[in-house]
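What follows is subunit A paired twice: with subunit B in the first complex and subunit C in the second.
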Partner chain A sequence: MATTTATVSITSADLMPGMPLAINASSQLMQTGTTTGLELMDMGAGKLTEASAADALHEALGTADTANWVYICNTSTNDEQYIKVGIHDTIIGNLGAGEWLWMPWNMGTADNEINIEAETSGSVTYEYAIFKSTYTLPAKT
Partner chain B sequence: MATLTPTLTLVSTDLSDDELNFSVTDSLTVTAPHIATARTSVTTTGANNIIQPATDGQTYYVYVKHTGLDAGGSAVSTTLGIELTGDVVIGKLAAGEFMFMPVGGHSLGVQLQSSGGTIVAEYAYFTKG
Partner chain C sequence: MATTNATISISSDIMSYPVNISKQMTMKKLGSSAGLEETSGLRTKKFTATDAIVVIEEDEFTNTKASKVYMRNTGSSKSDFFYVAKHASAAASDTAAVTIGKLYGGDWMLIPYLADVNITVAPSTAEAMTLEYIVFVE
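Now for the complex of A and B:
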């Protein structure tokens, strides 16, 4: 059983005068409703172009309510380049240059893929990691 | 304007033969409005638990944590749904889990919904400057 720990720290010295912000949270990545850790991980990096429109970062898992986690970072250093992130037809938000997200992904239906789309010209670089409960290899063609 | 520094660390010694020890950080410029931080008792009706106002061209950075407790302080194992307003499900958090992500590109807010009973959620949001 794998033990993977995710930790977040969100700090600010000047958000509130005289009161520094320090949010800290940590959790282990577990399979749904169990104490068994997630054992499947995809990691990678790539480039997006505006011309390629929305691309599936990962196809839908099609398994209801499983625990999966997604990390995506827009590694571009160009402030004009951002990445639109969605689950199928639902736009979640835009990742600006250098920004990252950490979110659960446990959509059960077969068409809820994670997709990303560059919203400016040129190549927008990104990196990602997906931690999964289960995965069925696609059938051969 | 203020500076927000979010850092994510992912660590595992046994997920693969190679140790996972990964960290990413960023420096975000944020402005009002913001909430940092608050707790709310989430019920099973998402529309009654809106934690971030509808976007109007801006981006919000949103943090949510499932505290693992109900409104009475007892431990719960129910899941905390993360939704865009209008009951558009994004994902679910189990007890102790958290998320941090930008929300924008549409005109929706963020709401929370318990799968049963109440769940105390900790949350914060910051407006991108």
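Now for the complex of A and C:
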């Protein structure tokens, strides 16, 4: 059984004056509703340009309503370049330069792909990793 | 200007070689190098029913910016979970297009938030479960 662990630390000394913020959490990624670790993953890197509309980063080709996890990082160093991230027609939010997200993804419907879109000019680089409970490769064309 | 840093570390032996991802970010305003300066404060809510509830109201925050939301299921059960969804009213379910995913015991998430729609959660059980969350606000 594979073991995948995701840990976060959030700190700020001055967001709340007089109350330093320190949040720490760690979780082990399990297959849907079990104590068996996830065994499927994809990872990679790419470039987006403003000229293209939202592109599917990953199709929802696994079993619906399962436990899956998504990491996306906007690796641009240009503060004006950000990436809009969505699940099909639901916009999650904007990832600025150097920012990352970590979110569950239950592939609620076959249409619920993860999509990304560059919102500024030039090439915007990104990295991603997706951890999945189940997955079916797309059919050959 | 406040400085709020978040560091993620992911380690895995799914592949035949070790996977280690480590990345620190400073939470910034949209298209800017300026740090976020406001927060909802850390909130904790205990649930004892399966009804979906709005936990983050979009009209508390400025739309189309670069806020962030952190959430964690503080429990330990790997069979009980919260559905998390973006929905105008309280709704989150298995196959809803607006559902983001499920947070089982100990699971956490940190996502950008456009503040265009509310964020709702729905427990999978009426057994007591607790959610902690905070919004970092632009």
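Basically, the second predicted complex is superposed on the first by the 140 of 141 C-alpha atoms of A that agree within 3 Å, B and C clash if a C-alpha of one lies under 4 Å from a C-alpha of the other, contacts with A are read in each partner's own complex, and residues count from 1 in each chain.
Here is the rule we go by: contacts are C-beta pairs under 8 Å (C-beta built on N, C-alpha and C of every residue); 3 or more make two chains touch, one makes a residue touch a chain.
Everything quoted here is computed from the prediction, not taken from an experiment.
When the two complexes are overlaid on subunit A, subunit B and subunit C occupy overlapping space and clash.
Put subunit B and subunit C next to each other and count what each touches on subunit A; the higher total goes to C.
Using the contact criterion defined above for the overlaid structures, shared-chain residue A:T120 touches subunit C, although it does not reach subunit B. In the overlay built on the shared chain, the residue A:N106 is in contact with subunit B and with subunit C. Looking at the shared chain after the overlay, A:S52 reaches neither subunit B nor subunit C.
Judged by the touch definition given at the top, the superposed model places A:E80 against subunit C, while subunit B stays out of reach. In the superposition on chain A, A:A129 makes contact with both subunit B and subunit C.
Under the contact criterion defined above, the residues of subunit A that touch both subunit B in one complex and subunit C in the other are 2-16, 21, 23, 25, 27, 30, 33, 39, 41, 65, 67, 71, 73, 85, 87, 90-96, 98-106, 129. Taken in their complex, subunit B has these residues touching subunit A: 2-16, 20, 22, 24, 26-28, 30, 34, 36-37, 59-60, 63, 65, 77, 82, 84, 88-94, 96-106, 122, 124, 126, 128.
On the side of subunit A, the complex with subunit B involves touching residues 1-16, 21, 23, 25, 27, 30, 32-33, 37, 39, 41, 65, 67, 71, 73, 84-85, 87, 90-96, 98-107, 129. Listed in rising order, the residues of subunit A touching subunit C in the complex are 2-16, 21, 23, 25-28, 30, 33-35, 38-41, 43, 64-65, 67-69, 71, 73, 79-80, 82, 85, 87-106, 108-109, 111-112, 120, 129, 131. Partner subunit A is touched in their complex by these residues of subunit C: 2-15, 19, 21, 23, 25-33, 36-37, 39, 41-42, 65-68, 70, 72, 78-79, 81, 83-84, 86, 93-104, 106-114, 116-117, 134, 136.
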